[in-house]
Each structure stands twice: as C-alpha cells, then as structure tokens.
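Two complexes are shown next, each including chain A; its partner changes from chain B in the first to chain C in the second.
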Partner chain A sequence: MSQEITIGAQSQTGPDGKSQTIVIDPVTRLEGHGKITIRLDYNGEVQDAHFHVTQVRGFERFAEGRPFYEMPSLMARICGICPVSHLIASARACEAVMSVRIPHAAALLRRMLNLAQMIQSHALSFFYLSSPDLLLGMDSDPATRHIFGVAAARPELGRAGIGLRRFGQHIIELLGKKRIHPGWVVPGGVTEPLTVARRDEILAMIPEAYANITLALDGYKQVADTFREEIAVFANFPSHFMSLINEDESIEFTVGALRLIDEQGGIVEDGILASRFTEVIGEAVEPYSYTKFAYYKPLGYPEGTYRVGPLARLNIARSMGTTLADRELVEFKQLARGPVHGSFHYHHARLIEILYGIERIEHLLNDPLILDKHVRATAGVNRLEGSGQAEAPRGTLNHHYKVDENGLITWANLVIATGQNNTAMNKGVLQTARHYVKDGRFTEGILNRVEAVVRAFDPCLSCSSHAVGQMPLALTLLSPDGEVVDRLVR
Partner chain B sequence: MNDADVKTLEIDGHQISARRGQTILEVARENNIDIPTLCHLDGLSEVGACRLCLVEIKGSNKLQPACVTAVFESMSVITDSDRLNRHRRTILELLFAERNHICSVCVANGHCELQTLAQQQGVTHIRFPYRYPELPVDASHERFTADHNRCILCTRCVRVCAEVEGAHVWDVSGRGINSLVITDLNQDWGSSSCTRCGKCVQVCPTGALFDKSKIGSGHPKYPDFLVNLNLMREAR
Partner chain C sequence: MSILPIRCLILACGNTLRGDDGVGPWLALWAHERFQSDPRVQVIARQQWAPELADDISRARAVIFVDVSIASAPGCVELVPVSPSNDDRGPGAHHLGAPELLALAHGLYGSALQSASLLTVGAGSIEMGERFSAAVDSALPEACRLLEQTVLRLLCES
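Up next is the complex of A and B:
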C-alpha cells in the first residue's frame, strides 16, 4: 500500500511500499538545478526531507594540467551570478603561489568590484527570486508570483530591484568591460587602472542606488512582521556561523581572515587565513546530493555544521564601518539576543549589505589612490601550493590549488558557500515540512514555503543564471494502485 | 618588363594583369579581392597546408590553393562560390573538432584568426564529433606558454623561427593527426635553444603560443612586423 506524489516530470516509488514521497523538482526561483524530496510515513507525518543538487560540474578535475594563471577566468565560469567572487578567491590563491602582494590600487579596485557583485547578486536574490513570496504572499497565485507580478503590484519596488541590479552590473562592466565573466581580475592584481571618466560615471549612479535601497528596506520591514510563522520554522535553529572579518571586527568581503562563532556568539576560531582553511574545515559527502557538506573539523560531521552568508556576516561583525549600514546593523542585532538564528532574516541581512556596499563604493571612489596606475604585480611560481578566500554574496568561498614547477595545476579544490550551508538548508527543509505538512495534506502554498526556505539562503547550485518566468512544475497525487487522484500544474 | 612577363587573367569577373610567377593569392590581394587564409603569412614561405584559400579555376575540376598556385595567361579564377564556402566551413569545423578550442577561456579570444574566420564563414555549429584529445601544455618557458590544445599545425612558428630568426627551434614531430610542433629535439621549450625573441608568439594565429604576462588583458598579435623586418633587411 503506497501513495506517491510527484511534482515535476519525475515519479518515484516508495522503497518500502508504504511510505509516501513528495518530490519538488525542479525547485524554482533558485540559481541552478535542485530538487526537494519529502518522505511521509504511513500516518502522513514527515519522516525525512532532503534538498538535492542534481548536477555535477567537474571544474576541479578539468583544471588539472592548465596553467595556474588561467585559473581566475577559467574558474569564474562556474557561475554567471558570482563570477567575481571566484575571480577574487582564485586570483588570491594564485598570488599565494606567486608569493606576491598586489598593488594598493588593485586591492581597492577588486574590493569595489566584489561589492558591486554583492549588490547585484543580492538584488537578484531579494527582488527577482524572493520578493514574489515576500511582497505578494507565500500563498499568492503562482501564475503571477514572479518579478513581473511584483512589478505590477508594487511598481516602485520592482523598479528599485531592477535599478539595484543594474547598478551593480554596470559597475562591473565599467571596471571589467563585461557584466558577466570580466577577465579583468588576474593573478597579481587587475589588468587596467580606473579612469577618471569611469569613476565619475559610477559616482553619478550612487544617489539613485541609495534611494532604491531605502525603498527596499522600508518595504521589507513593513511586511516582515506578517511572516512570524515562517520566521519561526524557516531553518530557525542554533548553529555556528563563519565569515570574513577585519581586524577592527567590521564586516569584510575581499581580504581579512575568517572567524567562526558558536550559537551564543562566542568566538570558536579566529584569524583563519586561506592557508589554514583545510585545518579547520572538512567536507563530507552524502549520496543524495552533488554538493558536499562542509563542517568544523574539531566537532566532526554533522555536529560541526555551520552557516555562512549575509546572516553569518552580520552575526559576526561588530560593525559595518559605514554610517547608514551601522544604524541598520544595530536594529538587526535587536532581532535576537546573541546571534540571529532564523534563516528568514537572511533577506533582511542582504538588504543591509546592499546599503553597506553602496556606502563603501562611494568611499572607495572618493579615495584618490583608486586612480593609481600601478595595478598589477608580476611573478612566476614561487610556491607549489596556494589558497585564497573571499566572501561570495552567499558566503565564504575558498580556492585551493597545487601546481608543478612550471605552474601547471596538479590538484584543485573549491569549497563554496552552498556546501557550507548545505546541512542547514536540509535541516531547514525538514523543519518547515514538519511544521506545515500534516496528515499527508499540503497545498501549493505549503510546498512553496518549503522552496522558500532554500531561497532564503540564496544558494548557488550550478551556478549559472536562469531566465525569470515559468518553469514547468506539475504535481500529481497518485492513489496506492497508481491511479491519478489529483493533479496540479503551475 | 617584356610582354611575356605580364599575364592577364580574370578573378571573379574582374580583368586583371599580373607579373609572371605571382600566385593567385598575391594578385587577388593586390586587387582587393579577399581570399581567406590561415597558414599563409606575408613574409614567410608558403606551405599550402590549411587549404582555406582553395579557389576554382575554369577548365579544371580540381580546386587549387591560391597561395601556391601561379597565375597563367587567360586564367579565370573564382574565389567565392557555394562550393568553396562549403569546403572552407568544413575545413574550419574539422580544425575545431580536432583539438580543444574553448574560445571563452582562451587568451586569444577576440584576437584569434581561427575564431575570426569561423565568424566570417558563418560557422555556428560543428557537425563533426569532437575528438577531445589529451594534449600537453608546455609552460616551462620563462615568458611564453605552448598550449597544444589550441594548435592548428599551420607551422607559422616553425617557418618564422627557421626563416626569419634563423634559430629553427620549432619543428613538427609525428605524422598526420598525431603531429605536434616541438622545440629542438622534443625538449621542453624552457630548456631548448630558444632565443626568446617571441616571433613565434606574434605569428601564431590562435592562442596556442602566448605571452604569460598577457593573460586576462587580451592578447592581440602583431604579425605585421615581419613585412617591415624583411623590407629593412632587403634595404641593407
């Protein structure tokens, strides 16, 4: 006696012939391809739930044999949303191989590029992928639950989102000549200095960016309270957190060292440079996903799992280091005593980071040294191993390479943010499913909430950008003998 | 110049006069008629290897490479036809299928003769299965890298090194599809008798030979230096 429910094109039979499985495939409004399965027991209660990443990329393998100085532009191809984080982490790993320090102007320019990417990626996550749930409602009509629906219902917020994404993308284009996969970041620095004309063009865009993020923060705060039930169960549990931080304990995206805090906010590990990353962090493999599960080694797997990304960064940072964002950080910290554990608040953290990014970019552009012409250091192979790290919009990213005497890669390993949030996402899916799916009954809105937990983390699965709009999603309820009882198509 | 030294011929319907011994390619280019080439380079000897410059000659069913075919009196040449374009596209597709040409991550992207020709000839797909050979990358040289994945065996590097630099470090080993350009007697480039002049890098039409310092910043090549160099040498 089995009952099977499939969503999407796949169907699955319960292995014991008694249980019931809900499959959400593909999970929509995510970057990349993922699938969720929810196992119900005979009484219709949620037994287990998993978030699966269903594709393999193989970048570490095909990097082998390539010259190390090709790595930034090659590795950045992993992702169309956050290529800049990969460029920076990769270039830093290469600089460890070269044993060079990059020129000051190059460091400033890279920092600006990374912030521009963070802004556009956060704008994509918040507005394009999650705002339909937040502004239109988790149970709203799926036919209009997308960015165009938001633009129709709340045109000012739709425009703000598009404007913020354009702001970030345009800065990337002005610096690196291309919006996606700019080849400008190279081992040793960047290829070209910033011109006065381009600096002024970016400065001219800043007032509009401030206006857009103010609208977005106000809009979010107005609706956040209506999601109390979701906040309570969207991956809301104590965990460790990890992110980059500066020596003055302010937020950091591009340089600095990592800090790991426990659930009360106590510092567990500090000053983790990229070269020490593998001493502290291990990776586990589960049969149901192509994404690994990172964990803090002394605690082991799965006890040592932790969260990264905007929530982790704001939990760890004592200050943002900019006036407006610092004001927002104080408000954010009031959400909880100690670290904020509810993953729903990733959305809020993301908006504060956008504000911080705009402020920092403005500061950077007003630093006359940013126009300096010395932007690239050169060197050959001076060490046979190197690691680099950076904060991708969705969390800590580490690239680790080994090379031969000629600089050809012999081994590469990438630890991406999504792998570090993987356990938390899986726990979150289970927590949400357990709360909402009762007696084997669920609605489209309930399944949307299960997807929305994953969206809160803004995981980068493949990671390449996908078109906005309708993905084929069908839900079929089959009777024990395989007869179609109900069918729901999105 | 006597009458016998002047040949009159027709290229694509244009009445043209040429000097005896000139190739179809030379005459066509002097008259602004474009014929695609890849292994040919002004300033180097001709090898007729790539076959992209194939043309039709009236009275012959066989296509002839314009770079090594001399003009003759009353010749009638067609440089542009469906048949020729079909062959040219096929040649380019075979080149792409033969090794690992990944434009998006190649140092020569945007400055590659193979890429430009493919765009000009309207190559949008490769109809042949890719071979995906496992080929070495020689990064032993202090300044340059040889990536055999991107080599099309045009032998420009071999000719420029032997004919212009006079070093003859580069040559071809193996036969047919197993051919590889090598330095000296198949030693690493870094430990070869290379003079580090960089001429081979400048004449390489793809990203097979490149300057390590040009990674990321675009790598335009300047093979025009050859013509100037030859002119200066002749003047002496």
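Up next is the complex of A and C:
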C-alpha cells in the first residue's frame, strides 16, 4: 500500500501490511493541546475518527475549600484567552449565593468587558489561527501557511486583525487594569467605575475598529465561495443549537436566558436560567478525551448533540439589535433555510459578532448611566448553592458552586463551550476525514482540512479540560486492529 | 496606544512566577522607573511576545528586547543585535521570538528600525518561585548598567 507522508507525519503499517492509522499530533493553530486519530478499514476507507483533548487540570477540585468570593479571579486563571467569560459566569454564580442584584452601571460595564473580550478572541481565532487557511488556501505550502504568509499576501488584513485584537485588549486593560486575568469583576459588580477619560479613550478607537472589521468582512466574503467543498463537509449536519438570548430575541452574551433550538429552528427549550442548566444539559465521558461531552438530556447521549458559539448564537437570534450587524445577520441567514448547519460558517458568524461588539460598545459608552459611581453590591452567604452563565467567545459557559455556611466552596462544576461542541467536533472530524481520505491516501492539505474543521469551532482545550501545557494539537491513522500506522506531529 | 514616535522601545518578556524567567519583567520595571520622565522611551513587559506587538515596534526607531536565556551560562549578561527572521514562528502564532516580531513589523507595517538588539541574562533556575537564583541576583547590576548604557546611546544617536 502506498503512503504519502507529510511533514511531521509518522506512518506505520499495520501487522497485516494493509491497514493504517493516521495521527495528527499536535493539531496546530488551536487554543490548547489536542490530537486527531483516524482509523482506516482494510480497504483504506475511513472507519472512525476522534478528536482527543490530551491535557487535564482539575480546577473544580482545587477550588474546594476556597472562599466563594475568590472564585472569579481563581477561575479566570483557567484561560488566557477568555478569562473575562469565566470571571462573569463565576461572579454571577457567586451573586446567586449572595442573592444580590448588581448595580445597573456594573451590568453595563460587565457587558462591555465581555464584548471586548469576544472581539479580541474572535480576532485571534480568525486572523491568527484560521486566516492562513482562508486567505492562502488549504493546500498552500505549509512553510508559508501562517501569519507571516498572511502578512506577505494580505498585509492590510493582517493589520486589521492586529488592530481588532488590540482594540479588545485595550478596552479590557482600561477597565480591568490588565489585558489578561483582570480582577475588576467581583461578586456584586465591579471594583471601580468608568472614568470620563477612559470612556473617551475607548470612543476614540471606535472608527478604526469599524474600518478594520469592514475590511475583514469584505475580505472573507471574497474568498468564502472558493471553499464550497469544505463548507459542504466541515461538520455540516443537522443538530440542535443553544445560546443566550434576550427577551426581545436579540443576541445576548452576558445576561439573559438560554434557548435551545432543533435542527429546523424550532424552539425546544427556552428561558433556561443558570439554576436550571443541569436539568436540561448532561455530561458524558469518553475514554479517549479529558474533555466531557455535553448533551441535551431528553434526547440522551450522543443523540442530544448540540452546538454552541457564534454559529449557534446567530442561528438562534432573531436580531443583533444593532444596525450594521443586523444587516449582516439578514445576509447570513440567507445561507440556509432555517439554521445554518455548516460549521465552516463559524468564521463568518465570528466576524459579524465582532461588528456587533463594536456597535454595542459604542452604544454602551454613549449611555450616561455607564459613568454611574455605584458599581458594587455587597452581601454575605444567603444560599448554599449558586449557578451563573455567560456566553464566552466560543459558546455558553456555566459555573455551578456549592458552599458551606462559611462560604467555603464544597463542590464546583464548570460546563465549558468546547465540551458542548465536543460531539459535533468529533462528528465533523469523521465527516471531513471520510470525504477526503480515500484508499488510505492523504496529503498534507487533506490533513490540514481535518485540523481546520476543528479550528472552525475555535475550541479552547485549556478551558475544556480545566490544562497545563502549550497550544498545539496532533493526527493518528489507526489500523482496524488499533495499530498506529501514521502520525502527524508539528 | 501612543501615536508619537518612540525613540527607544524596551520590550521585555517573562513569567514572574518562574524564578529567573522573571528577569525580563524585573528589568522592564527598573527601566520604567529610570526613564519614566523621558517620553522618548517606552517600556512594555509581557509574559509572551504576541503578534500585536509588531504594531508597537513599527512605531519605534529602536527596540531592545529583554529576556532570560536558558542557553547562556547562569548570570551571563549579553547584548546582541537581532535581525528579522520568520524561521521559528511558533506552533500557533500565539507567541513569537524577537526575530519573528521584527519580521512581522516589517511585513505588516514596513517598519524600518534603526536598531534592534536583544539583552539576555543567563538563567540559573526557572522552576516555580518568585525569587531569582544567586547567579541572576548578582548579575542584575550589570544588566541594569548595560540596559541604561544602551538606551542612552540610542537616544543620542536618534
């Protein structure tokens, strides 16, 4: 059997001399460590495929015994990309324990912080991690298929990406004093009000941010049509979707309640508050991954597969609630009759959300109430259990704590976006591998597509396994007998 | 986000929780205090050097990267010129080295720096902890002197 070995790949032939296993290890341009294994049958056709998350951390466990009010800053350390979402979900869980409502200005400020984080995270995902595939091509030379290649081919888009990331990071830094792991969000609100000078500094950055996202959206639309084959097979299947939504059915990131829709867009569950989350969502465990597999309980596992994140949010929301993003949403919804099922469109949804974030931040800054000095409510332990939820850039995040009468954590559970997309990512890897890997033959471009389907979801593996380690993910080709035949390591 | 031209950008890197790896941020803090009254000098310290720093580099006439070195002898202070290169771009483009940042600044912004150098201090230990090894501790005066001398020279040249 002939075998085309790619850079970084290891190839082994099974004991029968025919069967194969491809291993991509690590899978690159992701947030965390992962591995993909593809098992071929005796005819060289893809039999099965798995996306493995190979890191473990155990944040829930070492939170036990800590005072509940430490939880936001402690839980934010899970992730350097989306610490703000953890801060907010955690603070909201603590506020459920305290039974307090936060001041209005604090709610506005948290909303802005969460949107700023969404913008910088989406900019990282789209420009740093996925734009090499999108702008240079899935089959382009891997030696130049990276951010330097983008800088050479489309420097204006490279600058736009950096500009948007800085925009989000700078807002986080102005509000929370630190770009990463700001401690500004606390149970009861935030520690400091917004000053006029900082508000004006952020407002001054808005025009450039609009120019950058306009450039990016135009650039994406110019190339999207060239990926028709990928759009058709990158985790493109019917599934449920879940996200936060407002009462007026507009998109929501920070408060609101969850809505779950089915594959035709029908509402299956609505008004799911954080306290009801575990009534609706269960978590399954598979032996090949440290990340759990969330599912919709009434359908069981794995039938209850659903997706979260930008694609889910845009599928569920009836409107964005802002002028420019609403215009983009109308165009986006024309991609399908009903929910958009192709996960390739996560990229498009991400850019629309960036546009929405900029518009919404501008609106928030023009609300005089955002400068109100009363930004924190105080209380002690009034309930022994609390849950909080928020939309992280990559999807819904739920924190659930139990405390003793002294406010010490006795139990904690976090349900992370990547875990909720886990079954869909695995199905997507299998779907993509089956489409492209034929007769046991694969090229570097094919393996890159298998990785790219995972990238489309922008999973955060550190969050999902709650993990020590660096970024990359890895691909394994297995024989029907389980022998490792090929392995891609970059 | 200053839009004024910076004569000398000091760009430090390191984790203050990993022993001698924190020497970059320590020197950045020292430089901030030493040159805080001089608007021609900008100091940035990060745990990792990320691509967006290319924008900061593009606004400067000279850059001094400051980092720990695990290749040098413990406590050895060195200053070497740096040239743009994208040979070692990192697996996920989340963090970059000094040559890659220079290449990105040039590729994206057409940066034409007059000078780029890397000041390193050889690590004795980068295990968990907030204290420096004895070797790095005793090298700090020399590192400060070399950093100060280099900044002053760059300010005179520009």
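We take it that the second predicted complex is superposed on the first by the 443 of 490 C-alpha atoms of A that agree within 3 Å, B and C clash if a C-alpha of one lies under 4 Å from a C-alpha of the other, contacts with A are read in each partner's own complex, and residues count from 1 in each chain.
Keep this in mind: a contact is a pair of C-beta atoms (placed from the backbone, for glycine too) under 8 Å apart; a residue touches a chain by one contact, two chains touch by 3 or more.
As the structure is a computational prediction, the values presented were derived from the model and not from experiment.
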Touching A:I147 in the superposition: chain B (first), chain C (second), both, neither? second
Regarding the shared-chain residue A:I162, is it in contact with chain B (first), chain C (second), both, or neither? second
Using the superposition on chain A described above, determine whether A:P459 touches chain B (first), chain C (second), both, or neither. neither
Contacts of A:G304 with chain B and chain C, given as first, second, both or neither: neither
Which holds for A:V185: it touches chain B only (first), chain C only (second), both, or neither? first
Once chain A of both complexes is superposed, is A:P393 in touch with chain B (first), chain C (second), both, or neither? neither
Who wins on chain A residues touched, chain B or chain C? C
Residues on chain A lying within both footprints (that of chain B and that of chain C): none
If you look only at chain B, which of its residues touch chain A in the complex? 104-105, 107, 136-140, 142, 145, 190, 212-213, 215-218
Write out the stretch or stretches of chain C touching chain A in their complex. 1, 47, 51-52, 54-55, 86, 89, 91-94, 100, 103-104, 107-109
With touch defined as at the start, can you tell me which chain A residues reach chain B in the complex? 65-67, 69-70, 72-74, 77, 181, 183-187, 191-192, 378, 380, 406-408
Under the stated contact criterion, what part of chain A meets chain C in this complex? 26, 28-31, 124, 128-129, 146-148, 151-152, 155, 158-159, 162-163, 165-166, 169-170, 180, 205, 470-472, 490
